[in-house]
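Per-chain residue numbering starts at 1, and chain names A, B, C and D are given in the order in which the chains are listed.
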Amino acid sequence: MNIQQLQIASQRLRDNKTFEWFIVSVILISALLIGARTYPVPDSVVTVIRWLDLGITVLFLFEIVIRFMATEKKSRFFHSGWNIFDTAVVIVSLIPIEDSEMALLGRMVRIFRVLRMVSIIPELRTLLNSLLRALPQLGYVVLLMFIIFYIYAAVGATFFAHINEELWGDISISMLTLFRVMTFEDWTDVMYETMGTYPLSWLYYLSFIFLTTFAFLNMVIGIVVNVLEDEHAREKAEQEEKDGKATLDDLMRELHSLRQEVQQLKQPTDK
Amino acid sequence: MNIQQLQIASQRLRDNKTFEWFIVSVILISALLIGARTYPVPDSVVTVIRWLDLGITVLFLFEIVIRFMATEKKSRFFHSGWNIFDTAVVIVSLIPIEDSEMALLGRMVRIFRVLRMVSIIPELRTLLNSLLRALPQLGYVVLLMFIIFYIYAAVGATFFAHINEELWGDISISMLTLFRVMTFEDWTDVMYETMGTYPLSWLYYLSFIFLTTFAFLNMVIGIVVNVLEDEHAREKAEQEEKDGKATLDDLMRELHSLRQEVQQLKQPTDK
Amino acid sequence: MNIQQLQIASQRLRDNKTFEWFIVSVILISALLIGARTYPVPDSVVTVIRWLDLGITVLFLFEIVIRFMATEKKSRFFHSGWNIFDTAVVIVSLIPIEDSEMALLGRMVRIFRVLRMVSIIPELRTLLNSLLRALPQLGYVVLLMFIIFYIYAAVGATFFAHINEELWGDISISMLTLFRVMTFEDWTDVMYETMGTYPLSWLYYLSFIFLTTFAFLNMVIGIVVNVLEDEHAREKAEQEEKDGKATLDDLMRELHSLRQEVQQLKQPTDK
Amino acid sequence: MNIQQLQIASQRLRDNKTFEWFIVSVILISALLIGARTYPVPDSVVTVIRWLDLGITVLFLFEIVIRFMATEKKSRFFHSGWNIFDTAVVIVSLIPIEDSEMALLGRMVRIFRVLRMVSIIPELRTLLNSLLRALPQLGYVVLLMFIIFYIYAAVGATFFAHINEELWGDISISMLTLFRVMTFEDWTDVMYETMGTYPLSWLYYLSFIFLTTFAFLNMVIGIVVNVLEDEHAREKAEQEEKDGKATLDDLMRELHSLRQEVQQLKQPTDK
């Protein structure tokens, strides 16, 4: 009974708007502290930041515990990726860190706390989920693009490695160089260099740019069509609900049987 | 009575097409004067420009007064943002300015007069309003993008600050550098520099580019879908008006009751 | 009678597919000659090119004459912009040019002959016309964009002229610099320079980039919506033709009057 | 009979999922070997790579033979472009190559083996086919773009060749320079150089950028509209199938004849 009461109290607190806004402001302060640490600050401020940081960690721990208490089936709490993420961030924040190696990790974890903004605000969570849902549908375009990159990188590393070791030394460096060419970042410098040895190598770059631009366009169009289709399907479902699902064929059948009845009416009268 | 007559006369002048075109040309001349001031001009021309500028200020003042007189409820005049903007620009233009500090402010205000083109031409006003209306719908995407920028800037300022103080010195400079990376402006120079210390830092840049490109694409698609939906809703409303809102279900019901009547007809005949 | 026969013969020649293909190949050869002239060629080849060029001019003259003869109302021949363009190009080509000043003009006219490809191939003409038709609808977005450019250029020329005369010297140079910023071409170099004097000038660049990107996006979306609407209107027209323009309301009225007749039937029977 | 049994066994093997996955992994290993060759590797590893390469060639040969055996009409095997491609790659891989000239060709062929990924995975084949199908529909836009490039390159080679031989030397180099301008890659450097001689040459670059951007936008919109139309046509076909193709006109006709019968009913009753 005691646990039940605690659960209900936890749920009330969790669903409380003021509590939610309080947590959002704590996340905001934590984000500002991270920003402040990147400026040169006097030691006294560093001490204040440390104490504030400790306070934030405690508050986050408290919030996670409340959320855990409010869950009806405790075992399902860790089915949500966001809950696992939140718990992991809080637990790592708790570990006291002093030496410089771990200090960097500690700062990284504190930075990832800002992502808690996404886990707290439902609209952002929905947005991120819909972004992630769109990704697998584009899987084959991404695979095709990777194959294009791999083949061009292999050709580049084979022919251009002796011209510029830093750009075409091996296949992974070549792929990075090709990504640079795709973003049009000083790509002509790369091209003019290889054109000194192979005057026709502009064909290599232009064909690569055309292929990737075309594949990228297709990816964009793929997303647009997906979004519009979802939109369309939703609209059609609404429309059908409004129409009560009467189709032209239902009408036709109804009309046909009506006509038969009228014809039956006529025959006795003709007799 | 006198005031009423004045109001009607003002309204007539305000709605006069010739007057509107006259004001548009005055704004155009004012824009040209601003442009002329940026060229090295002899002193005599500067004097002419000053007198013309005074004339424009007086004309603008006159036009604002006319518009104010033409308004039926004087208190509602300042409910429109454009009216406040116009009045502020005219009042600040009236203040005589001589010393160099204020001179710059004076020139700024004169430049903003060109924006009056937007407040005068209704089509531009509509366009700007529709642009502004589209913004809040994109609020959450912008928030998500800001979170991505903030986290990457925090990571960048933590790890790369000692490599290049000017690019990664603190979190705000890092965000500017990341914006530069997003526009692909010499981003490989930034990357190659940090790759000297952290050979895997290309992961940082590539993941950032993918995330922001993807979020940007989603923003664009969001706008497109919004626009198309508005379009679609408008079309559907038109269609329904044309159809007189008869749906397939209305037809079905009508047909059903007709059939019942025919069946009632049959029964007496069968008797 | 003789003239009539000539007209019919001209029309037959003009509409002849082989003749059309012959003219297209002549334009292609003329385009290749233009390209050839940009390479260093021996004098003997230059002589050949001159003779070929003369032959092409004569053929173009002949083709224009044929097209003019084939036109039924001679006065309407010059109503078409393409006909005026073709005639002008041919006439200027006929003028013998020797001195270097005119030689450049002569070469320019020969280059514009390639545009005859567009005037000859109907599909290209249609495409160009549809591109031109889309422009005016975007007029107000272009005007808004020009106002943004003008205001930012005026601000830039006022504040940054003393920093870099070559980039911000006057309002027209400033607009060119802003166009460069809009294309992201070394825009950070421009920004870092002015940030040395005005540390907050990044606000100027970022707001400009956001405004122009947003306006550009709106222009693109404007074109897309226009195209889709045209498409949609065409489809709807086709659909309506197929449906014989029977609407749900027509059906409803028909059904209503049928029901009234059935009710009239019932009443005598009830008597 | 023996051949028939062999054919059935081949078909069974070809359609076996495990066999397909096995071939995909062989292609993956072959891709990794290509990548490995671009790194500096000790001689012992080179020997291992050679043996693995031989094994892959043999496996590919085996798979091609199986696919050929499984084909019912042997003559139709080479009607598929992918089969020709696969056979060519395998046959060229079989030729023993030692001297350096041929070694490069051999490496190229091995790189193209990665493309077999596309020929094996049906989804990628479908994707590539749909990309290729979209191309011809864009033919006229591409032609128009080429004409724009050609004319601007001719003008550029005529006027700017004496300014910078390397950028504007002849018409083909000028086209490459213009492509660079279109990608905004250091285009202002190119422009500022020619503006030294022709101060108005910014008109040349800006008009070129506007024309190509506009043509490119039209191409993109062309693809989007094509995709949406296909989508729409597919949807409409589905809808019509569901409706059993009853149109409003069918209903109208049915209703009309029903009314005539009711009127015939009324007349004897009125008598």
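Just so it is clear, a contact is a pair of C-beta atoms (placed from the backbone, for glycine too) under 8 Å apart; a residue touches a chain by one contact, two chains touch by 3 or more.
This is a predicted model, so every value here is computed, not measured.
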item	value
Identity of the chain that, by mean CA position, is farthest from chain B	D
Shared interface numbering between chain B and chain A [over half = same, under half = different]	different
Where chain A and chain C are represented by their mean Cα positions, the distance between them in whole Å	40
Rounded Å distance between chain A and chain D, as computed from the means of their C-alpha atoms	28
Shared-contact residues (touching 2 or more other chains) in chain A	184-186, 224, 228, 247-248, 251, 255, 258, 262, 265, 269
Pairs of chains found to touch, sorted by chain label	A-B, A-D, B-C, C-D
In the complex, chain C residues that touch chain B	140-141, 143-144, 147, 150-151, 154-155, 157-159, 161, 169-172, 174, 184-188, 202, 206, 209, 214-215, 217-218, 221, 224-225, 228-229, 232, 247-249, 251-252, 255-256, 258-259, 262-263, 265-266, 269-270
Residues of chain A touching chain B in the complex	31, 34-35, 37-39, 104, 107-108, 111-112, 114-115, 117-118, 123-124, 127-128, 131, 176, 179-180, 183-186, 220, 223-224, 227-228, 231, 235, 242-244, 246-248, 250-251, 254-255, 257-258, 261-262, 264-265, 268-269
